[in-house]
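Letters A, B, C and D mark the chains as written, and numbering starts fresh at 1 in each.
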Amino acid sequence: MAGNSFGKIFVLTTYGESHGTAIGGIIDGCPAGIQLDLEEIQKELDRRKPGQSNLTTQRKESDRVTFHSGILDGLTLGTPIGFLIPNKDQRSKDYSNIENVYRPSHADYTYDKKYGIRDVRGGGRSSARETACRVVAGAIAKQILATRGISVIACVRAIGQIEINDLPVKLDVEQVEASAVRCPDPETTNKMVEVIMQVKKEGDSLGGVVHCQVDGLPAGIGEPVFDKLHADLGKAMLSINAVKGFQIGSGFEGVKLKGSEHNDEFVMEDGEPTTKTNKAGGVLGGISNGEQIYFDVAFKPTATIYKKQQTVTKDNKETEFQAEGRHDPCVVPRAVPIVESMAAITILDAMLRKESNQF
Amino acid sequence: MAGNSFGKIFVLTTYGESHGTAIGGIIDGCPAGIQLDLEEIQKELDRRKPGQSNLTTQRKESDRVTFHSGILDGLTLGTPIGFLIPNKDQRSKDYSNIENVYRPSHADYTYDKKYGIRDVRGGGRSSARETACRVVAGAIAKQILATRGISVIACVRAIGQIEINDLPVKLDVEQVEASAVRCPDPETTNKMVEVIMQVKKEGDSLGGVVHCQVDGLPAGIGEPVFDKLHADLGKAMLSINAVKGFQIGSGFEGVKLKGSEHNDEFVMEDGEPTTKTNKAGGVLGGISNGEQIYFDVAFKPTATIYKKQQTVTKDNKETEFQAEGRHDPCVVPRAVPIVESMAAITILDAMLRKESNQF
Amino acid sequence: MAGNSFGKIFVLTTYGESHGTAIGGIIDGCPAGIQLDLEEIQKELDRRKPGQSNLTTQRKESDRVTFHSGILDGLTLGTPIGFLIPNKDQRSKDYSNIENVYRPSHADYTYDKKYGIRDVRGGGRSSARETACRVVAGAIAKQILATRGISVIACVRAIGQIEINDLPVKLDVEQVEASAVRCPDPETTNKMVEVIMQVKKEGDSLGGVVHCQVDGLPAGIGEPVFDKLHADLGKAMLSINAVKGFQIGSGFEGVKLKGSEHNDEFVMEDGEPTTKTNKAGGVLGGISNGEQIYFDVAFKPTATIYKKQQTVTKDNKETEFQAEGRHDPCVVPRAVPIVESMAAITILDAMLRKESNQF
Amino acid sequence: MAGNSFGKIFVLTTYGESHGTAIGGIIDGCPAGIQLDLEEIQKELDRRKPGQSNLTTQRKESDRVTFHSGILDGLTLGTPIGFLIPNKDQRSKDYSNIENVYRPSHADYTYDKKYGIRDVRGGGRSSARETACRVVAGAIAKQILATRGISVIACVRAIGQIEINDLPVKLDVEQVEASAVRCPDPETTNKMVEVIMQVKKEGDSLGGVVHCQVDGLPAGIGEPVFDKLHADLGKAMLSINAVKGFQIGSGFEGVKLKGSEHNDEFVMEDGEPTTKTNKAGGVLGGISNGEQIYFDVAFKPTATIYKKQQTVTKDNKETEFQAEGRHDPCVVPRAVPIVESMAAITILDAMLRKESNQF
């Protein structure tokens, strides 16, 4: 009810303020008897962490996850998986400069309006640090999906005004990871790195678009009315910090086409119905049709900038605010594993929901 | 679990196939003692119905809703509101032409893959007819929100390649309803009517974009992590038939701005913190900030067209399909009350969730 | 949230006040492709209806259920099953005698405290009439369970101070239905009939105990911590009007035994582990063990009596109240199909939940 | 869905196997701005722990709870409260004697049937150790309820065949805690201690009945149909390890009374409607009526005994089993804080649900 759980059968619940002693979570409803590679989970966490290159923040968070339950000798027990990530960076910094000031385009003001109280240290619960827990659950979901040959791969499609021209029809994870900004095109990568370095120098920030592809999902997954597969995917993405938009398949561009241009005709291929095109993005009527699921996620530019901005205090006085400390000028590359994680959780959950409908 | 319910506290559950005896629903969790105008609900239903002008289908569905419970002498009892809309158009038409054929970009194929059985008449459960029930619940939610001075108004922003240039900062419902396509600009309306008439003649179809504004919502509404207010709004919209995209505030365009251009600075106005700009679209960290909430919803072109298309049969044979009967070449104007309804349900539900957090 | 839904995967939501135009419900999550015998559902409804003998009220409710969706040619579609039972007995009777009076041990007072408004006619939403909807869903669940060889049979174990001595280890539905009070022992039946006739003459009422047996359920069903199978069964039973107690297996008597007397030792039988005794009532650690599930449900005496009672009015004045009209002096025999229905829904739901845990 | 969460608004989710590294949980939906006494929470945990007297097991679990989030300077933040209790007793004992043997009346067999895998050490997830997490959440709920003058106090009513004659109409917590078995009557306490010492000597075990009283709850709390207040209380109790029965108010004894003997007549007292008697146990139609809520919970005798019992192995061979190690001959006194905790969580959740219904 308070919104800290995601999923209906494979359910992730998270807790944790940015600068408390730890963040963590519980995964309930993970099927039993599945072999998990715990090192692989840690690697996914490392993909999300700050300080991976000089493009991102230099804070050295070393997020180490420990599991307390639900896994025995690498096998899932079917019981809830409790996990914890200690907060290393919780030294008593001086937060007096933001304690009573509402940082523009941050959640300080709205948390105060909602709860009447908030942990001002590092953004508290509103910090994107919470997404580390999503990556833990997502890494598990990805491993489970992989046992069925289902892959979830995302990449950076655009940063600021730089956008890749030709997205690969099928992403290659090595190609993505080879790029400093997780863009599968080297030339675009260079341009993106350039603009990021430029805004960093300016004390400014950039947003971007993450593109994600799910391959191998069989037809028939998704609930058809309110919990359409792409509706749940959309919610999953929009729940990530800084996301302002989601589109699947042809998305906002598709509205410019006529039906005859947009419809995906069916043909037979290898004995299975398949579509000649995939404007739908792999979903018809909210249910997967066996084609690739692909979608885009829009991230606004990071709210934290080093320029002076006008704002107000908790006691309703106008003032100015300028950020200090080390922050990413562009978080979009680090958002790639988060997008993948939320997609994997959503897809696995939908598959388990389908099981519950069989008798 | 099977996805026919929406909301956490104000919960709508719907049932009904397009050509069964009736569609209907239950609204659970409606607060008690609220005066409802039942005629107003019927009027909202009428806004959704086909046959409102020569731009839309000429089927004369007269959707009359009857309420069976939860309301006494116009006052809500706090008990579930059961309602029913008889299906008038359920005469035994000949569906043999589509019984074994998967219509391109419809849900015929995916329903079969999911359930192994489906009601072929008029699309069955996958028909947009189901959205009539959403309008009933949405009309109730709108009335309840209105008692707090909260309005939810949507309009058509684009149809095909025709898009309004300057959207009013605050929509006027009369202005919207005065347009044959629910576009608040008369000149754009004319162009939209023109392209719709054109594709109708061609036997083709169009999509479009619906824009929605929520005014009067106080700050502090929304749950901050997975159930961010705009995540729930996004899911609500993406659950509507034919929707392929959702964006709030600056959306996909906003990613091209720098943080310094995108951030909404706070100033004091009438003794309340307010923002100079509203790139955020009224939500910070998933919680309303007291500014206008506005968002866009992308509808793909209607899948039903009168052109011959390639497809396959249930028993995996390639064939051709051409639609018959009367169908809208563009459903976007009729989608306006559906978007408003889903928005109103989502907002009201979020407000009730906030109540549950008080003690 | 408002408590009008039951189940997690096979979900029943009901609506309806006793004297509104209709009661009804939606069953969501019913598996697809299952053959239903609709006449059989009506027969179960008839088992619940008043006026079956001169022991029960003479009101001639003829509860006819109609289905609006989710079933085509007798087969479930996997989509929600909407159904409706018109209220025949809704003529505008005179309720002025109870409008402002809180009937003792009824829910008039508490509904007013909760909602600030209530439908005074026939108890409104608090009437046991609502349980007719449970019987519709239960009848469907029973049919689905029967396809797996699982039976759910209940009987009357006690009425007032009359209790059957030796309960059959396995109930026979014909034997139960042959009794005017649904007690499988003819001699006890006679005594029960006698006391009911006696209190009827006195204008008084009786309670009793319903006993229920579930046979054929395989081991491994139920969730182990908060949603233990017997916890969900207990909740299901306690949600039925007038129920004040629930016990499974040895129940309250079992606390008097030592562990060595109470433990059910395992032995092999037909190649399967089985227990020599069944004090557990078929559940260990909240999960079925393959033995018979049996439990008891305590119903308080009907609150409506024809004796003068002290009470208060809505405006806090002391007064007296004496019931009028026709009411059952003992509803326990009619509760048998309700108990079976809630048990069947709970068991089926638990089985579907187990499916959702497989991958 | 997998049953490791309890509550709808104030939601506790727990994780942890008996001999993993830790157990723990997340409380989501705790209202913001409430002052918590963390020492008091630890004291409640201490009430549950083994080794409190020579009547209980001598294992020295020192359950220390640590909080990781949701609380700042003793005030709740409205964000999820993550907590953890390390398992001290997790040294690699020899479990080879039970690894392949199904202990009678334990959950070993059913876990294997459900999951196909289980943690055999100390019962794994099926161990009552999990209830420590319930006590943490319950202690918080009790503190929150206390701010409204609501108390939740339980005691031991019966152990084996020894039962207290006259239960105090209003329990006194000091009186209860003064008893070695948490029975408010010194004489009965002595008898209970005696039988426990006796069965301990015999290597046998005992069950009992816990009685619980909730005072100060205002009228109007509870949802009226499926989530009746006593149905949720019943489920809460039946979800506790070893519980086989629940009754509220007059319970199973009440069925022997006539309506005229059982009905609680209303009178005015201090300007408020109140009932002359309280057979209902404080609930009418599932909603609190302002009187004391009281109920009984039946615990079966502990399954672990030191007598040789017949059983079967995982590979379907008959064998014998005799428990080793230190175990309580009677856990009922330690169950008192668990019953209180589950009651407090249920009551607080119901109160918050009522808030969600106001507008």
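The rule is simple: contacts are C-beta pairs under 8 Å (C-beta built on N, C-alpha and C of every residue); 3 or more make two chains touch, one makes a residue touch a chain.
Since this is a predicted model, take the numbers as computed values, not measurements.
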Neighbouring chains common to chain A and chain B, by label: C, D
For chain A and chain C, chains touching each: B, D
Same-residue or different-residue interface between chain C and chain D, half as cut-off: same
Intercentroid distance (Cα basis), chain D paired with chain B, Å: 46
Centre-to-centre distance between chain D and chain C (centres being mean Cα positions), rounded to whole Å: 26
CA centroid of chain B to CA centroid of chain C, Å: 39
Touching two or more other chains - residue numbers and ranges from chain B: 1-2, 4-5, 8-9, 14, 29, 32, 78-79, 114, 125, 224, 353, 356-357
Chain D-facing residues of chain C, complex: 1-6, 8-9, 14, 102, 104-107, 109-111, 113-114, 125-126, 130, 158, 160-161, 199, 202, 204-209, 218-228, 230-232, 234-236, 238-239, 241, 244-252, 254-268, 271-273, 275-276, 279-281, 283-290, 296, 298-305, 307, 309-312, 316-318, 353-354, 356-357
Interface residues, chain D side, partner chain B - complex: 1, 9, 29, 31-32, 34, 78-79, 144, 224, 351-353, 355-359
Contact footprint of chain C on chain B as seen in their complex: 1-2, 4-5, 8-9, 11, 13-17, 20-26, 28-29, 32-33, 66, 68-70, 72, 75, 77-82, 84, 114-119, 124-125
